[in-house]
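The structure follows.
Residue numbering begins at 1 within each chain, and the chains themselves are lettered A, B and C in the order written.
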Amino acid sequence: MITALLLLPLTAGILAFIIRGDVVRRALLLWTARAHFSLMALLVIDRVYGGLLSGAPAAGAGAAWFSYDALGLLFAGIASLLFLGAAHYAVKYLALEKCDPGEEAADGFVFNNAPEAVFTGCLLLFMAAMTAVTASRNMGLLWALVEATTLLSAPLIYFHRDKRSLEATWKYLLICSVGIALALMGNLFLGAAGLKTGAGLDLAALLGKAADLDKPLLKAAFLFLFVGYGTKMGLSPFHTWLPDAHSEAPAVVSALLSGALLNCAFLGILRVNAVCSQAGLKDFTGGILILFGLFSVVTAALFMLGQRDYKRLLAYSSIEHMGILALGTGLGGGAAFGAMLGALSHSLTKAGLFFTSGVVLASEKTKRIADVRGLWRRAPCTAALWLAGFFLITGMPPSGVFLAKFLILKEAIRLDHYWLACGYLFFLAVLFAGMAKVFIAMTFGEREPKTGEKPFEEPRGMLAPAAAFFLIVAGIGLYLPEWLRTLISAALTGIGGKS
Amino acid sequence: MEIIKPLSQYLAVMVLSPLLLGVINRVKAFFAGRRGHPTLQLYFDLYKLFSKTPVYSRTTTWVFRAGPVIGVSAMVTVLAVLPFAGRPSFLSFEGDFIFIIYLLGLARFATVLAALDTGSAFEGMGASREMQFAVFAEPAFFLGLAALARVTGQTSLAGMFGALTGDTWRVAAPVLVLLTASFFIVLLAENSRVPADDPATHLELTMIHEVMALDHSGPDLAYILYGASLKLWVFGSLIGCMVLPRHSGSWASDCALFLLVMFVVAAAVGVVESSMARLRLIKVPYMLITAFAFSALALIFQMGR
Amino acid sequence: MHTFAELIIVLIILLDLALAVTGSLSSCIRLVALQGVVAGLLPLLAGAPHPRALLFAAVIVTLKGAVFPWLLMRARDQSGARKDVEPLISYPASIALCIGAFIASSWMGSRLPLPETQVAWIVPASLATIFTGFLLITTRSKAITQVLGYLVIENGIYIFGLALFVEQPMMVELAILLDVFVAVFVMGIAIFHISREFDHIDTAELSELSDWRRAGDAK
């Protein structure tokens, strides 16, 4: 099953480079995503109801390299679901781009797009790499695959061949590659910490022999891996590439970057965090996670005020949520549960928002917040989704995000971190205010009639995935299904979150 | 009887050092495909200059006359301290490597003062450049000697080079290689050889050392030329002692080998001069900073062992 | 044998210094390649190499000594940019920073709780190399020097790995190499596009996207 999951997008990706016809290639993308999601769903059902979640992952040929534990499964499930939505969106998007390229014509940019085959191929390979990241059971392999996701997604960001996306691509490539190089240092430290035990970089062996690992070296390993994967994850102050890449990439790529890729990097941190927790360094790693988590929330809040570009605004919101995930993981216990739930809800909501932002861009031809007013008159469905997404992402109940944020707050108070709780609440309020101003103005503001503007026909196919994601997130907020609870609880054992 | 050997070593240095410049010139002539000066040209020049009467400008004072004398006597004293073929000379004491650095500084100071005393703009310019490069060269040299002291655990030059054996090379080869490179660069700069300065040029704008000697004549110029050749010997013999750590026990064979190495060093200088162009003036400090970096690295490397 | 290995370590440090002062782009590329080759040969000195190590060294030497310089030289030629490095700080400042980095890394090397290494100075040398890489990335204005900086960091990390004797499985090591290869390849393509779009490869021009613009810039 895992082999099929890994090979499916890989083969499809390679095929996409070869296939000439656009229609066939788009169908391939769509059906690969559907097949991938079905396989993933089967795997989740199998694991949850087969009672295989507790304990070590199943042994078998190649299990030392690739196999799923509950944590990996959770993240893989999120990525697969996102990819399903993204594929549906991308097919419509590519068709639209083909007839009407140059979506930012109002800014005076004239540009061509990258060949569609490269785009589709890289998209599929990117998915293959992310699937492999979630399944990998060896820290060295995990590293190589995370770096592979960087390299495979770089061409995606440079889909619109213009100066700005090139700049974003370059920053993304360089900052992430250098950051990930530091994670390689971390891996070396990790290997050195387990040198006497002979654990190598195998995750199961490291977890099993955690008590015998060399503590100072393990701390160094955690620091380097945290900075390395934290760069990729967009934790402040290593986040500088993120707003650029997210704002310049096509909406579908932004959605995947924000919803799936950041999670993959987070998984890297969670893996080493688990090893450290087993080795009794929980206070050390928790402190670092809380510090940088809160710092990311603060940074995001400050940069969101006065933001002029709505895709950058969403990017900073991603930084905020990554901060919240780190914060929740650092607090542990119920907050860790909140963090996992937050990862799921954030991915879906943010992907939905990016999908919607793509439609807004197609309608308004600009990314500047000040130029978008009275969206509901021109595109009522889009406006409704835009507003819904805003309520969900800022954590208005009922929303999975609300539940996540609330659980983290509760845990902070339970552990007597009152100042932390106050700061957290305050900056969430700042974030809410900052986003509310923008979203409400964009949706309801007074629209200046532009001359010669054609009426905008909303592409329903591009809005549907967003609507579906929003429904799921709201649904989680209302009722958390039992199987999901089981899955997340099992995932928590994988990060040492159970105290 | 034991005084004989150091004394004859010393005399040999005094007599042979102008030969080094002859060797350099022969090598350069060979590479340029010229016949070149006779190898003993400097001896003829010295003889000629000593038999002349000096001419002094009316603006100069005693400082001008003292410069060449102080310069050459400082060099003569340095050579009394410096070991020959790894064997101590007759003047040797703890910490004498600092002594020779100050003597070299004194010689430079006297030359620069004499140059400034002429009141000529050109000589002032040469003096300024000389001091500017010295600022970079001296720390490199000083750190290099300090690193060498650290390697051998001795603080006198004779002790350092006496303790430097083949085993030292086996243990601390990286440090010694760095030091040799550093000393060689300092040699080129201190003796105004090609990458730093061109001894053959007489274009005032690019000259450094030569320009300071423009107003000297007769025996004063002879002192300056002789002092320069002694200075070349000083730096050359440091490198020679460094790369030739073998002490066979036989004085005669050691000395013969050492002299051979000295001529090899001179030949190496000639090769460098023939194969490189003179650096632009603003690039010379880079070269000396490189030497400084080599010395600093050697010292750090040695301290951490 | 250790003396020989130490000589190589010194050579690597000297190459760091040389990188800090070299002004010509092509000699920078050659220096980085040389450093990669020298570092790739380093493990062969530690006793009798077995076939796996030989094979691996061969792969590294081909990649770093031949493929990368070729790719980068191509990018340099295509970009048609000025052929010097154009540092943002002066060369003496670069070399001072480099020496400072070396002193700092020797201090760090003595502080790090690392297992005992056989070859003196391998850990400080690797850290200094990593610092030099960061120096190249931060103080040089061209896109291509940033790639070079990335490669120097990679060299440093490789040497660091040798110092720690961490045996990674063959598959992982090859995957890492493949990643680095693809990274350089993709960056090479990106440089080509940058030179076409901007008429040069100066990253100082890549400043359109920023949240630090003054409010007056907003249209």
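Just so it is clear, a residue touches a chain if its C-beta (ideal position, glycine included) is under 8 Å from a C-beta of that chain, and two chains touch if they have at least 3 such contacts.
Only a predicted model underlies this, so the values are computations on that prediction, with no experimental measurement involved.
Taking the mean of each chain's C-alpha atoms, the chain closest to the overall C-alpha centroid is C. Ranking B-C and A-C by contacting C-beta pairs places A-C first.
The chain with its C-alpha centre at the largest distance from the centre of subunit C is B.
Rounded to whole angstrom units, the spacing between the C-alpha centres of subunit A and subunit B is 67. Remark: subunit B and subunit C have CA centroids separated by 38 Å (rounded to whole angstrom). Centroids of subunit A and subunit C (each the mean of its C-alpha atoms) stand 30 Å apart. Among the residues of subunit A, none is in touch with two or more other chains. Remark: subunit C residues 3, 6-7, 9-10, 13-14, 17, 21, 91-92, 95, 98-99, 102-103, 106, 109-110, 120-121, 124 touch subunit B in the complex.
Partner subunit A is touched in their complex by these residues of subunit C: 112-115, 130, 134, 137, 143, 146, 149-150, 153-154, 157, 160-161, 164-169, 171-173, 175-176, 178-179, 182-183, 186-187, 190, 193-194, 197-198, 203, 206-209, 211, 215, 218-219. Within the complex formed with subunit C, the subunit B residues making contact are 170-171, 173-174, 177-178, 285-286, 289-290, 293-294, 296-297, 300-301, 304-305. By the touch criterion given at the top, residues 65, 138, 140-141, 143-145, 147-148, 150-151, 154-155, 158, 161-164, 166-171, 173-174, 177-178, 181, 184-185, 188-189, 191-192, 195, 200-201, 214, 216-217, 220, 243-244, 247-248, 303, 306-308, 312, 368, 370 of subunit A touch subunit C in their complex.
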